[in-house]
Amino acid sequence: AKTPNQLVIGTLYASSGSFATSSISSYDGLKFWAATVDRQGGVYVKALHKKVKIVIKAYNDQSSATTAATLYNQLITMDKVNVLVSDFGSVLTSVAVPIAQEHHQLLFDVTGTGASFFTKSNPYLVLTSLPTSAIWPNSLANYLVKQKTKRVAVLYDTNDFDQSQYNTLVSRLKAAHITPVYTGGVPTSTTNYAIIDHAIAASNPQAVVEFGYPNNDIAFLQSLNANGVHFPKVFTIFPGQQLQLMQQNVGVSGLANTLTYPTPPLLQYNRVNFGMPLSAFEKQFPSVEHHPVDFLTVAGYNAGLIIQKTLETSPTLTQLGMRHAVNSFSGTLNTIDGQFKIDSTGAQIGERLPVGQLIKRGNGLAVKFLQH
Amino acid sequence: MSPDYVLSVVDVTKTFGSFTALQGMSFHVKKGEILGLVGPNGSGKTTCMNVISGSYRADRGSLHFMGKNIQRTPASKLSHMGMNRTFQIPRPFKGLTVRENLQIAATFVRREAMGLEEIASFIGLEDSLDKESGMLNSTQQKLLDLGRALATGPTLLLVDELGAGMNPHELDITIERLQRLAKQGISMIVVEHLMSFVRQLTERVIVMNAGKEIFEGTLDDAVRNEEVVRVYLGGGTP
Amino acid sequence: MRNRLKAGSVLLVTLLLFAVGTHIYSNENMWFQGMVYLALAQGINILYGFTGYLPFGYVGFFGTGAYAASLYMTDFHTQPIVAILGGGATALIVGLLLSPLLRLSGAYFSIGSLAASQMIYYTVSNPALQAVTNGPYGMNLEAFYNPTASYAVMLVILALTLFTTAYLRYSRTGLALRATREDAVSAAMAGIPVVRMRIMAWLLSALIAGLVGGTFAWHISVFYPNTVFDLNVSIFAIVFTLFGGGASLLGPIIGMFVLYGLYNWIGISAPQYFQLIYGVLIVMLVLFLPNGIMSLFRKKGYDVP
Amino acid sequence: MVAYTILSGLLFGLYFSLMAIGLNLIFGVMRMVNLAHGDFIMLGAFAAFFAYTMWNMNPLVTMLVVFFLFIILGGALYYLVVPRLLRAHDPEMLSLILFFGLSQIIQALAVIAFGNNQRSIDYTALGSGTVYLFGQGFEESWVVVASVSLLAIILVSIYLYVTKLGVATRAVMSHREEAASAGISVHRVSAYAMGIGLALAAIAGVFSPFMIGSIDPTMGTDLTTTSFAIIIIGSLGNPIGTIVGGMIYGLSLMYMESYQPSWSSLVPYLLLFIILLLKPSGLLGRRMRNA
Amino acid sequence: MSQALSTCGLSSGYGPLQILWDIDFVAKSAETLVLLGSNGAGKTTFLKTLVGLIRPLSGEITCLEKRVETWSADRRIRMGISYMSELGVVPSLSIAENLTLGGYFQPNAARKTQLNAMYDRFPDLAARKRTLAGSLSGGQRKMLGIAKALMSKPAILLLDEPSAGLSPLYVTQMIELLRGLKEESVTMIIAEQNTKFLELADRVSVMENGRLSFQGNVEDLTQDDTLRHAYFGIH
């Protein structure tokens, strides 16, 4: 048994706590990828010159960063996994970054986009989906500027992810001589926006941008409906990523005409040269994982694809070897999630998020793209 | 202030909200004396003890113990200075054994005092040293309070209704014990409702009513005082 | 003498286990967290076991230590070890400021300390203080990251903590604390400076949590405010202490090994049911073994350290 | 803006009082610190959610059903754990741990049963109009919830301070053995109190989707701490104090959210802390003599 | 005269700890019984067992012709027993509420008249109706305790050390009060240390180490040398 006949991918997920919803989605996406390749006899691993089955070793961190730290350690030191994939989001990824670096283990980061993770000195990190949060709002800023929106209100939740969006947006707007008429940071745990709505309304804005996590977006949009406060333009992030969840909670009429960053499956990339295109994914995924398709399932699947390409390309199974392999195909890969391209720190820069508007169509919603 | 006074209380007032429990109490205790403090229920005897022993702070007035002002002295300090007390509702360290109860007092207050064994047999608990004190009955607990006070080698001992709930025989034993302590030079303030108990122990009593002193003198004179009879003793002398 | 021998050997075995543990089971983070919880449990033990004050907000000191140590490292570029001492000192000062809490008793104190820790948390994590604490965005000590050295420092802190509990278990100071716990009024009459003793226990446990927090921060090196102010940290430490039995040296050790072991064992193999099993276990413990495992030994007449 | 803030503070204050009053009742009567309080609120919330989505049941109807269900549940829970717990050395502190365990169990089961998704009820379920109070428009559902809360609190106060069962309940609160000596069936009275306490938590839960936003199985923990803050501000064991606590909390929270949103989470704890230090027994607390 | 309360072979205690051993005891209707016994003899335990606060380990309790040993305390109290414990009152209820509690099983109107009767009898209490019982002095609590016990107009009254801590005037008053009750044919069992209560006694029982060592009238007791020595001291 010199050459292994299976490869172990270690990852974490959260079955409870504040990140559970997103974490489960992206975990399901990764599992779907593994199931898909295993049905075809596994992944071709260049270093072994053969196809090898994929096994996923996953622990539940319950959304706790402290628990996650121990579990990442467990995956590296006890389970000695071949490939390490982080849990959803910045908080649960943050603890993995130094641990992976310390143990010289390459970390495939699915969605942890906190800008501070990516440094030149750490070669053990690759972000597979989403650009780092600092470049997301470019399209939004461009759109607002182009529309000559002078009175913009920006509300954000005080966490890494939303704050860097906020900072970027505000600086882009300022560069175009637009000073927001209202800015405010609220705790990520906020679930009641009624009072804040009134405060924003008092500044009489033409557009209101709310950067939050899904729960915040839901609560914010709900309170707009319930309060009868009306703003001409409203932007939130997560309808574009988790439309089904949002629709369930806010309702079609509550979401109609709001702006968002559409992502797959709302956004379809046509030049896919690796893995399933969106249409196939949408057909197969729900029957395998019994979970509706949303952006995070796509992101989880996409992480699997990047790993697959890495294994197919890398002549060795050492962690740094794999990292070099990632560099070698960076920029050439087009998946269901768009172009995969990383910079020297391992951060994703290939994906760009457009701005779209949700339009009521029949009983559901469709996207109208406004700005690429 | 005469140096003969172990304790002097001058014009002490204590209120609880709008209720005045002590109103200008003044008295003193001489060295080696047993002073009886009697009065109807709710007249403020226990409150007076609480103020002296540092459990409550007086609103007004002055307190001196062994010539030192003790108005703001915390209870723990007072026990080091040689004042200690028992409680009307006994409060031993219920989870600790009798021995530990006595030991604690003895180690923390380094004054000349009886040895542990001696105290234990003095209060009649020599056979229960390793019993958890919560298991003792209420009289035994009161005696343990006394024992703990003795372990600190007090010069002044405040005894609050030690006799309540004892039968006549036990009362006799207790009286005899307290007399022995007095012979050793320990001054005492004794609060008690049983007149026979007070009569056997004290030469001088203070009768309180509604937070005020209404009489000072011997018990025999007190028994003849009209007001004392009216508010406290009632018809027959017990 | 025999007591000292027993306590000494418990102490030694425990420390030795942590010293060589990573060679037995190489997930060193698990061992590290074990030490963290054990030290915290002993900190709770010093306060709750000996004085009866159950600090729900104990994590406040832990978080304070973590943040203070990190800020000393990042802003003043102090040596990690000095920074950790600084973290302990800061927690001590916070403890001193919060000492009026000791005027409360029972559930009031528990909840009051919880409120205090939440206050610290919401202050530290407030975006308005981003310039000082980096607000909700957490700390990054990558430049100082050194799991081996931080592991060793944690071992030393654990040793000091265990030694302190062992001392309290057998000294007259410990006896005085227990007397205070039973009846404060009587304790005062027995000559015990009740307030001073309580404050001492409170500060001691604050110091321990601060040191542990600082070391934890160094070891984990990237963290967010809710990681180091997570209420579960208090609760775990409390449950470990109660499970083993308070006012003893061995109790929290047993509690930590059994429960944290279980936590990792179930947590790793059957995660979806972990929380359920844990909850059931706690309920059973309280109902059927309210004085902890140690009470089993005591009932049999063994005097355990 | 000022008027709006004050009025919404009062509306929410009433709701917060309802949220906390059950916790206080249970603490008062049996000195049990119910750390699972928030989880019972969560269960009420899910009951409302499922009743609404599956049968389109009006939350006010759900409230009645839930109330009786939880009285039974609470009674059963009482007989299952409390008598045993009371025999221990320090029941008050142990209850803290026991109910923490219970909270873990409930959360775990809820995650298994309901999944992790955030849910919310169509906000129009309690009325979709706008109600004008002193010239300020408020969501109809807020006004409905506040009125129901007020009614519930009044009923609880009548129960405690006017009915004989209430005197018995308070006697048990004060001294179990003495109450038993007076011929009161301590267990039955306590079981009622536990049942009513949990039922009040659950009906607060039924309304939570309209007042605090979307619901999920782990929402309880924060609600427990908030409820504690409220009852301690008022004074532990004094149900009337809860109303004071709820109002103070509601008003200060709304004030901070309007003018200093980033500091608003600090409010309950800061209030709690200040009040504890100034008046350790709570605003309406009375102290007993100790020697 | 019928029996109001009797026990046969009664054993009782706290958990595994047995305190009372094999007690045969009879109180006849309208009789006043004083229960003597040194500290820790088990008087309180006995009264608590009679009223149902402690489950007996074995034996029978018969009350007003019914076997009650398996009944709960509230059921026995509703039958017409009233019990004043050593503590006597509920500390955090006001005086008025304590009295309401005493008349818990009375119809509202009857309770009101009884309440007024108590206030007439104890003007000190009437003056501070809304004061918490917990802030009263020891003796004041006793007074409230007895008033509370009388609220239910009991047929059988169990009193645990009613005079402990009472000032002489109040002791005299208490005895007068009990004498009045005796005339109203209330059956009373009084655990006491104060020998003045023997004036009231129809019969005396003495308890020693958890056993009933004597039951008889007062003359017999004073004739018995050992008992006299033990309970009246050397006088």
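In this document, chain identifiers A, B, C, D and E correspond to the written order of the chains, with residue numbering beginning at 1 in each.
We take it that a residue touches a chain if its C-beta (ideal position, glycine included) is under 8 Å from a C-beta of that chain, and two chains touch if they have at least 3 such contacts.
These numbers come from a predicted model, not from an experiment.
Asker: Could you tell me which chains make contact with chain C and chain E both?
Answerer: The common neighbours are B, D.
Asker: Based on the averaged CA atom positions, which chain is farthest from chain D?
Answerer: Farthest chain from chain D, going by C-alpha centroids: B.
Asker: If you count the C-beta pairs in contact for each pair of chains, which pair comes out on top?
Answerer: Answer by contact count: the chains C-D.
Asker: Can you check how far apart chain A and chain B are, centre to centre, with Cα atoms defining each centre and the answer in Å?
Answerer: 76
Asker: How many Å are there between the centre of chain B and the centre of chain C, using C-alpha atoms for each centre?
Answerer: Those two chain centres are 43 Å apart.
Asker: Give, as an integer number of Å, the spacing between the C-alpha centres of chain E and chain B.
Answerer: 29
Asker: Give the residues of chain D touching no fewer than two other chains, as numbers and ranges.
Answerer: In chain D, the residues touching two or more other chains are 89, 107-108, 111, 262, 265, 290-291.
Asker: In chain E, what residues contact two or more other chains?
Answerer: 135
Asker: So which bits of chain B are touching at least two other chains?
Answerer: In chain B, residues 46, 55, 87-88, 95 touch at least two other chains, as defined above.
Asker: Considering the complex alone, what residue numbers of chain A touch chain C?
Answerer: 15-16, 59-60, 62, 64-67, 69-74, 77-78, 91, 94-95, 97-99, 101-102, 116, 119, 122, 158-160, 163, 185, 187-188
Asker: Can you name the residues of chain D that touch chain E in the complex?
Answerer: Where chain D meets chain E, its residues are 164, 167-168, 170-171, 173-175, 177-185, 286, 288-289.
Asker: Quick one: which bits of chain A touch chain D in the complex? Just the residue numbers, please.
Answerer: Spelled out, the residues of chain A in touch with chain D are 15-18, 20-21, 24, 158, 184-187, 189-192, 194-196, 198-199, 202, 214-215, 218-219, 222-223, 225-228, 245, 248-249, 251.
Asker: Which positions of chain D touch chain C when the two form their complex?
Answerer: 27, 31, 33, 81, 84-85, 88-90, 92-98, 100-109, 111-112, 221, 225, 228-229, 232, 236, 262-263, 265-266, 268-270, 272-273, 276-277, 280-281, 290-291
Asker: In the complex formed with chain B, which residues of chain E make contact?
Answerer: 36-40, 86, 135-140, 142-143, 161, 164-173, 193, 195-196, 229-235
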